[in-house]
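The same chain A turns up in both complexes below, where it pairs with chain B and then with chain C.
Up next, the complex of A and B:
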């Protein structure tokens, strides 16, 4: 078996596609003018940004005026949540979110709690889905914002976004969704889904890092996060990341042009890989929802072993993946997402996320199916948990 | 993140396995915290003539087990008792700060195995410098 490089961590980040880079290049070296400058050379940069804004708007079925470029997904989340919280303080101080959000949302909510806001963290079921009745019951007359992620970065579970949007709209509460993992993988229509704010990040859909966007529906009352110059229609200060914005727009255009076809390809590889893992490796559990999940996402737990040692061995064979084990993150507890879906600690420690994307080929699936079972067995043979399990008759 | 030594002992762990009818067995850690270390000793004339381990845990937990077992092989029980977690970490050319507890586990597992042996021999167990409450300070 020949060693190969297999990148199965697309949920962490993706490469920038050559056609995206090509679109960006002139804005570094030639058309570098400041979009705020009055001369024609600057105005051409401004025009490029406006063209980019149209592309992003089109991908979400939003209006161009509803798109604001940011320094990434985390900034977009921070802006949406803090901005709405502080601007609507006179109306109420209650925010509803879930226990499985990205830290950009969770830690922002925790910060707001210190500022006097109250936050409800909704539970999820064993698949990572929220219960819509729980959501309705959590709403009070002080609720000003519901922020629930479109799709989870670890287990890939896709929430019933349109239903959440409907509930929020009926109750007159703003609805923000972190769609960082969803763009390019799920059809998004902010109008139809009643989404008031949506965060996205370029590097998750084959665009550059360090650039994102926040969609803000016209009429949403929201404070600024970044204060300074009058860029982004006085809403987000700072000289525009011109090449980044052009790249993000080109990337979203490509990523949303044929979601169905793209998903079919990724999903067929994902399904073959998942089936192979389940068939070849006993005592394995699938984490997340069997159907309502991102097309490239696999999250499984292997009993009796720990995720960090698994990643190190996979890395030795050239395979890039990730885990929810505490030991890989430097924190002491395993992933909050795996805890929220009710996994016992030891099962969460043995989790592996493989996220497939455009870099993957069928040969990668074959290779992982060759290597992974051996690695898992190697670690199990070293594990005292496996030893006692076998001695007790392997029940 | 890990030294070459840690990676070597992780990729090619020494002394993995079990000893049938071991003279002393020590198991520390718990699955909740993500690491369990189990050490088996074969003792002859107060000397560790063979040692094996099984570990559930991260790369540094496995490397610490491997290194610790190497360091006590052939030693008297008194000498083995003196092995500190810092010595294990140093022999591995250092561990990241968040992973130092892996070396503590190794020291504790050895102590527990030695005391298991002593108890089986009808001897008083020696006092561990880490109390049982410290067993796994992950709270």
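Up next, the complex of A and C:
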């Protein structure tokens, strides 16, 4: 078997598509003017940004004036949550979120708790779905914000966003969703879904890293996060990341123009890979929802083994995968998401996330199906847990 | 095929140069940093200390420079239970533990070695200053003092088993620290001049009492200083604040210098006395490991040291109960429960144990 490079970590980041890079290039060396400048050369940069804003708005069914560019998804999450919390303090101090959010949301909420806010972290069921009744019951007259992710980055579970939006709107509570994983994979309509704020990040849909956007519905009362110059209609200071913004817009345009076809292709590869894994590797559990999940996401737990060693051996065979969210240093703690869906510690430790995307071919699926079962078996053969399990008759 | 070796990289100059030397020697080298510091402590920046997030950044750069694969692996849970909790429990029991010895025994040469074997490695390697050698006559692996006497780290390695010695490489044993820094500079490693870390990695400010208090707020209770006759001399802040031989920071003014000579955890008492009272010529050690032989059969003349920084002293060791009785030729200052006593025969590490 010939070693190949297989990238199955699209949920961590994607490559930048050549078309996207091409759209960005002129804005580095030629059309580099500052969008805030008065002369025509600068105005042309400004025009490029406004064109980009329109493209992003169109992809979400928002108005251009409701799109604000940021330095990425985490900044957008921070802005939405802190901005609404501080601007609406006089109305209440209660925020509702879930236990399976990205750390950009969770740690922001924890920070706000230290500032005197109260946060309810909703439980999820074994598939990672919140219960809408729990949500309704958690709402108090102090609740000012509901922030619930569109789709989970680890297990791929897609939440009932439109229903959540309806509940929030009926009660006059702001609803923010972290849609970093969803854009390009799920149809999003902020008007129909009653979304007040939505975070996205360019590098998850074949755009560049370091640029994101926050959709803020007109009328939402929100404080600034980054103070300074008057860019982004005085809402987000700092000279605009012109090439990044142009790239993000081109990427979202491409990603949302044929979601259906893209999903069909990715999903068919994903399903074949998943079936192969479940057939070939015993004592394996699928994490997340069987249907309500991102098209490229697989998250499985292999009993008796430990995820870190698995990743290193996969890496040895040229396969890039992950177990949960990668932390700053690259090392892994038991995933809070897998703990929240009720996995015991030792099973959560042996989990693997494969996220398929545009870089993958059918041959990649074949290759992973050949390599992965061998590695899992090798690790199990060296596992004392597996040994005692087999000795006891495999029950 | 090249032998695969997994080296523990702290981002410091020693393990970086060790990785370089192994690569030069033709090994297939993989660098790994063990992440051990509990998450809630990570927010404090710890300059120079090992295992920190900046250490990971340093090690990442070194590995890229050496062009070796590099990973960060999580050992937090096992470190917490086998090193941090052990450290706290020992202090609360009136002893003065050495967490580096526990880390070497339970983490580096046990969990880390196992992990390396899972990855298909034959050896692990570390940047310790010590020499591992096979005694062709007996077939046993020996641990010997490093060339650089000042940096020799055999004291913290006495627990190594034959299996561990057989599967461990310590490429710095034959070098001096100056030479290692010189190599680092020659090959352009930015960590060449990084200062040595001497504090305990999980307590970078060296304030053990604060650390223990944060983790076990209810277990530290004020009590009394007493003299050898049991007379109360004043109040102490909790036994974790004291160690045998300590004079400073007692807060007693008795008209003469007094020293901690004993700690009695059951009664929460700290016994103080004259300096002469802290000199003893005999100790008993348990959890003993021997390296050149399996078991100590009779009396043996050795040099022994009772803490990392202590001078070696002539002593006779002999089996006793579950451990070893050590009789020094001259009395030793502040023999401390929980610390390790390590025995040498010339340059060879005979073994060691924990002082009871």
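Observations, loosely collected:
One rule holds for everything that comes next: the second predicted complex is superposed on the first by the 385 of 395 C-alpha atoms of A that agree within 3 Å, B and C clash if a C-alpha of one lies under 4 Å from a C-alpha of the other, contacts with A are read in each partner's own complex, and residues count from 1 in each chain.
Going forward, a residue touches a chain if its C-beta (ideal position, glycine included) is under 8 Å from a C-beta of that chain, and two chains touch if they have at least 3 such contacts.
Everything numeric in this text was worked out from a predicted model, so none of it was measured.
Measured by the number of chain A residues touched, the leading partner among chain B and chain C is B.
After overlaying the two complexes on the shared chain, residue contacts for A:275 are found with neither chain B nor chain C. Shared-chain residue A:304: touches chain B; no touch with chain C. In the superposed model, A:312 lies in contact with both chain B and chain C. In the superposed model, A:382 makes contact with both chain B and chain C. For the contact definition in use here, the residues of chain A common to its chain B contact set and its chain C contact set are 308-309, 312-313, 316, 328, 330, 332, 382. On the chain A side of its complex with chain B, the touching residues are 304-306, 308-309, 312-313, 316, 325-328, 330, 332, 334, 344-346, 349, 381-387. By the touch criterion stated above, chain A contacts chain C in their complex at residues 308-309, 312-313, 315-316, 328-333, 379, 382.
Listing the residues of chain C that touch chain A in their complex gives 33, 35, 39, 53, 56, 69, 71-74, 76, 115, 117-120. Contacts from chain B toward chain A in the complex involve residues 2, 7, 10-11, 13, 16, 18, 27, 31-38, 54-59, 61-62, 98, 138.
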